[in-house]
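Listed next: structures, encoded as structure tokens.
After this come two complexes, each holding subunit A, first together with subunit B and then together with subunit C.
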Partner chain A sequence: MSIDTAPTVSATSLDATSSAATRRDILRRLLMTLGPILVALVIAGCILLAVGVDPLAYYGYVLEKGLLSPLGIQQTLTRMAPLLFLAAGLIVAFRAGMWNLGGDGQFLLGAVTAAASAPVLVQILPAWLALVCSFLIAMAVAMIWSLVPALLRAYQGVNEIITTLMMTFLGTSLANVLVKLVFRDPGTTVPQTRTLPVEDRLPRLFDTTITSGLLLGLAAIIIVHLVMTRTAFGLKLRIVGANPRAAVHAGLGVPGLTIAVFAISAGLAGLAGAVDIIGVQGNVRADWNPAYGLAVIPAVFLARMNGFAAIGFVFLLSVLSIGGESAARRLGVPNHFTLVLVSIVLIVLALAEYVDHRYNQSRKA
Partner chain B sequence: MTGLFSEVFLSALLFGAVTAAIPLLLAGLGEQMSEKAGVLNIGIEGMMLAGAYLGFVGAFYSGSLWLGFLTGIAGGVAVAAIMALLCVRIGLNQIVIGIALTLGLEGLTALLHHFQFSRSYPRLPAADATVIPLLSDIPIVGPAFFKHHLIVYLAVALVFGMTYLYRRTQLGLNLQAAGDKPAALDVAGIDVMRTRTIAVLTTGAMAGLGGAYLANVGAGLFIPFITNGAGFLGIVLAMLARGRPVWVLFGALLFGVCLSLTTAMQVAGINIPTDVIQMLPFLAVMIMLVLFGRRASLPAALGIPYERGAR
Partner chain C sequence: MSNLSSSPADRRDIVALEGVTKRFPGIVANDSVDLSIRPGEVHVLLGENGAGKSTLIGMLSGLQQPDEGRILVDGKPMPITSPRHALALGIGTVFQHMMLVPTLTVAENLLLGGPWWQRPKTEELEARVAEITSSLGITVKLHAKVSELSLGEQQQVEILRAMVRNSRLLILDESTSMLTPKGIEELGALMRRLVEQGLAIVFITHKLKEAAAFGDRISVLKLGRKVGEIPPERFRALGEQEIISEIVELMFGQQKGDPEAVERPARAVQAEAAPLLRVVDLAVAPTDNAPGLSSISFDIRPGEILGIAGIDGNGQKQLAEALAGQRAATGGSVRLEDTPIEALSVGERRQRGLRYLTDDRLGEGTVGTFPVSINFFLKQVGAAPFWRGGVEQRAEIDRRASELVREYDVRTPSLKTPVARLSGGNIQKVLLARELAEGAKVVIFNKPTYGLDLANTLASRQRIRDTAARGLAVLLISTDLEELLSMCHRIAVIANGSLVGTVANTDDARTRVGRLMIGLAA
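Here is the complex of A and B:
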């Protein structure tokens, strides 16, 4: 398995001494991000033209609803909260060389347990304590869910891509079973969990509709980034990721660290589910699966597992998904076009990074 | 009880199991070839969707199932060509491109379906079965296994073809080397890029055929997201099979039985959420892994793009 550890240095640009060089570097990075997005928009625009939709009108709506209108930007920032937690979890796993592709299962189980516990707990505990407890329960459940792949990888060497993928299929079904059979709200005809009253959900920020989960998500990803880059624990995990055999010879307890990585990664995915439910949705409907994980995985790779860069990519994803939903509704295009747009953006960004890399290499040579 | 375990019911259950297993088998065999050659092909779900959509379009407009299979294969190969170009030739990250292709094809096929078929939801006529004489007269097993479309028998034959390819041919050895030690293959004078490209394109063809079978024979129509994770199941099967095509066949049949059981339970009116039954194959495999979990024997260079002279 390949593990990309080299870019950690380039992302922090230690060698840029003068501020002018730093500014040029930032400008170049900005150009290398915005340029490809523009190219991707043009390619996706051609597809829109082909199916008979005015691309300019579509992008106009995306920009307006996803970024510029007050309500739209608030929705975008709210959408970011769960994505940030998921990205944080993936950063830990990928930097440690563990391919946790089971984020969606862990997310859904976290969401369901949060949805099941919060409405009950708010009746017996003070509101803030109830929310903290359901966050912790969601985290614990997701952690336990990841224990099987973790133990298999740590002590049996079973490849975690298979096990986490299977656990995500299992987890999605289990979440549905829990909603339909165990935690079902008897008061509704559609199978869903009890709804958490709006006043008991996570507070909104100031006078806006933005969930305070956004701040939690930002905190989570920044803490993860700092732990991975600035602490001994993070260094240990990165060594395990770079070369597990060398890690053994360096005296690191690789099995224990492996289990820790899975626990942290899955715990953060569980928190992502909880923050989406307690902050925004209020309940889980049967067969609800937003499949955030699938879009976040490539975004984390493109961010080179850098927490700050990941925030940027998550913001981009949120703008596209919120703006795309509303543009699709207004122009009568199915919402599926957002998937196409995200996919083209990802591919062109990956290509641009390659071109940039080759350009740098040829300049050095 | 009589209704549930009657002869007719059992053979229908097994017939459904085979029908459900064929797309998984083709996806698993395809993924296995990519992985052997060192390419982790996460875009296989997208390739299946392209195959399902184009396969349906081809069969619908031409009226010929075989032409549908051909267009399905073409669809899978087209997506695989993008993957080969980006991940093998240029060496971009296989997970990023794989997931991006899957997302893109999910969106694109759903979009095209919306503009073309969402008003009419056309269906194909039921596929003609090739009845194998004598064998199909065996009770229960006969109608379940020997009354399928010709492509089913070809897919099963492909398992043995693959075994032969890996065990007995130069190309098989080259594929293995491309995944285990590409530099050695390069030194031996074989083009690594070419070997891996062949593997990825073949994967695309098989995944496309699997998708086309799913839409044209299995369902008789195309609906958005019709593959519903079959490609990911193919990845799981390929990894569990540890390089052996026959194990992919067994695994695909196991999952096929469980998928077929879900439908059968619904028909029989048994009041368990289908999710419970959908969990069964995964539970079975996880339990097997917990009990007999052994070190995975994945190719050493899996997921690493090859760059000549790189250290």
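Here is the complex of A and C:
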């Protein structure tokens, strides 16, 4: 997983056969990814059949609403913006071997601070500067929120899976408290923050409803991918992730890098919240929690933490969630069936990986 | 004890190993080992850490499978496929670390592993235990919680567990390491009574005294190979001191026709040259699983190879890590070319020319999944010309990597091959290339030939000699006395975290170092 998109090197004659090998490798990867997804679709179809829903109709609606109808595809692309930021954050953390599962808490705190700051700032600052400022504030708050698990992991070796998950419970509750008690819009009866006027939100792309946050998200994930694969900083993080003892041996400052990883990962999650609020929602309602953070984790795994592949899987996730919401309404399937589908894909993929590994082992023996 | 009926006179092997070889990535743990285990005998397996004792036990107890050779049980070839299978064959193992559930009572622990659909047969167990304990002359409190027992008592419970399961062969893995001297004595007496009942015992230890006191037959392992055996007839004929000196000879002595034997370095070191590395009173605090260091002092002049000899686990790794900056020192000074470096970080020390070649090649020396090319520069990440403005210069990296591959003769399918796929010898060449690269002044080699085959061992040693000949100061840490004698100018002996003596590598160095290693004055 180190240099996965490396162009063929011709440094030594020994490498002559490697380009053919690389092509076969890519083909195998493709097969190992798409095959399980097809199998998962069939299994999910069987479940739909069992509850008395025509799977073809379900998949048909998902495709139509999520991908083919003009309105649907615009919603899908808009949904991608926060998901891409979250995926970028997870790629940084996972490649460095740190399982930041606190994305939802960081996302919501970023969203609430953006919702609280943006409507105030647009009144005193030029619009673009106001938005930049509230993006930065959201990022900073999420970063600070990640400091507790980061410090515990860096200096005490406390497992970050537990701490980040716990911090997410606190974070979602804190976000709620902030909406209901501190940033509540006095002008409405529903508990929600003040609403950012539509004209002050991120511009839409051309004549569509697609938010320009999509471009920011794409930029974020591509930059993250390039940093992780092409720079010294990214390599240091990957060394920490792949072999922490080698990192110590090589003289890397592991605690500092750990804190940096958490800050970047959480900062990107905070930006995801901000881009959803400033670009699309305009305000945060009490008890709002789309749980994007957990939904993105499988997509990042399926992409094997490769930024470009993650764009594809985030798109797929987006299609499934937009299309799934609509198909669920029309066919009476619970809304969460999308998540069922995604988890089946992940489990089948893991099984395929295991079978492939065993096959390779037995062929070697 | 139905199948203990075999009389002591019946001296056929219960278990025999024939040419058993086991390899791990980069290391040959056991190299065609033959072993015969007979009823009524305590068979001592003696060897240092890393000699391959644990791997051998792993194969006997069904945890691991040999790559070559075969295991015979009662004279018939029999692959031992799992720990359960080993127990069914009558092979019981008491591992180095206690394997009892501390919150359960002794009786409950003994009953673990029975069929899950049956009620535990407590009465039956009590009768069995009474029978066994009375014949062995021990008492076991069946209803006490394991956590309330002393370590010695816990060990008796583990032995009892093996007996309750009708073991014919009992393997005791480093069983004395956690016992008090009195507990060790009791264990010795217990082993004697067990073999008198016709049991076979394999007793693993690295302590010479215990081997001589408790054994009937001793096999000595060294770097995965069995280098010698003292059979019972011979054992009885010798006194304890003679046995110990014979074992020392086997463990550290020169073997006939040993191809590794090379003349001692002829090159003299300029005695008046200022030392490149000077260490004064270096101290490191002990941790839970590692000894500390105290008052370590030595200096190394340019072109000199200073050896550190000693039984493994006496602070060698701590010394190397403290010098490299990986482990915090609690006192003392380290001066490189007369500049204090003890406050510097790992990276800064490397920058000044202090290089540390670790013995843990895959565990910390390399990142196994990364390509060979990147592993060459693991300690230079971000440095020009391989990174510019923090951006990787792939062409530059590959150009230099292929130079190093050629120069150090690294056999790799390509530069992009993950380094873990290479053999141990080739991984070592990658590390040598990395540490000896431009700017090296003082190099610490920690067990540089550990687990390598002969060709790579000789090549690595030559590389180290060449390093010193270039005028660098070399600290060579090794548990192979032969290696130190063939390469060093002086040899210091480490024991319990401090240097107990330094001898010049002259004709009588072998005996003097050997005596220091087993705790006698040189």
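The rule is simple: the second predicted complex is superposed on the first by the 313 of 365 C-alpha atoms of A that agree within 3 Å, B and C clash if a C-alpha of one lies under 4 Å from a C-alpha of the other, contacts with A are read in each partner's own complex, and residues count from 1 in each chain.
To be clear about the criterion, contacts are C-beta pairs under 8 Å (C-beta built on N, C-alpha and C of every residue); 3 or more make two chains touch, one makes a residue touch a chain.
Nothing here was measured: the structure is a model prediction, and the numbers come from that model.
A.B. asks: Once the structures are superposed on A, label A:A242 by its partner contacts, choosing first (subunit B), second (subunit C), both or neither.
C.D. replies: second
A.B. asks: Between subunit B and subunit C, pick out the one touching the greater number of residues of subunit A.
C.D. replies: B
A.B. asks: Please work out whether A:V120 is in contact with subunit B alone, subunit C alone, both, or neither, and reply first, second, both or neither.
C.D. replies: neither
A.B. asks: Could you look at A:A250 and tell me whether it touches subunit B, subunit C, both or neither (first, second, both, neither)?
C.D. replies: The second partner, subunit C, only.
A.B. asks: Would you sort A:L339 into first (subunit B), second (subunit C), both or neither based on which partner it touches?
C.D. replies: Only subunit B; A:L339 stays clear of subunit C.
A.B. asks: Based on the superposed arrangement, let me know which partner A:L165 touches: subunit B (first), subunit C (second), both, or neither?
C.D. replies: First partner only, subunit B.
A.B. asks: Look at A:G157 in the shared chain and tell me whether it touches subunit B only, subunit C only, both, or neither; answer first, second, both or neither.
C.D. replies: The first partner, subunit B, only.
A.B. asks: Would you mind listing the overlap between the subunit B footprint and the subunit C footprint on subunit A?
C.D. replies: 1-2
A.B. asks: What part of subunit A is in contact with subunit C in the complex they form?
C.D. replies: Subunit A residues touching subunit C: 1-3, 6, 9, 11-12, 14-15, 18, 230-233, 235-236, 238-239, 242-243, 245-246, 248-253.
A.B. asks: Which residues of subunit A touch subunit B in their complex?
C.D. replies: Within the complex, subunit A contacts subunit B at residues 1-2, 4, 47, 51-52, 99, 148, 152, 156-159, 161-163, 165-167, 169-170, 173-174, 176-177, 180-181, 294-295, 297-298, 301-302, 333-334, 336-344, 346-347, 350-351, 354.
A.B. asks: Going by the contact rule at the top, pick out the subunit B residues touching subunit A in the complex.
C.D. replies: 40, 86, 90-93, 95-97, 99-108, 110-112, 114-115, 224, 229, 232-233, 235-236, 239-240, 273, 275-276, 278-279, 282-283, 285-286, 289-290, 293-296, 298, 302-305
A.B. asks: Can you check the complex and tell me which residues of subunit C touch subunit A?
C.D. replies: Residue list for subunit C touching subunit A: 325-326, 345-347, 350, 356, 358, 360, 363-371, 374, 378-379, 381-382, 387, 390-392, 394, 398-399, 401-402, 405, 412-416, 418.
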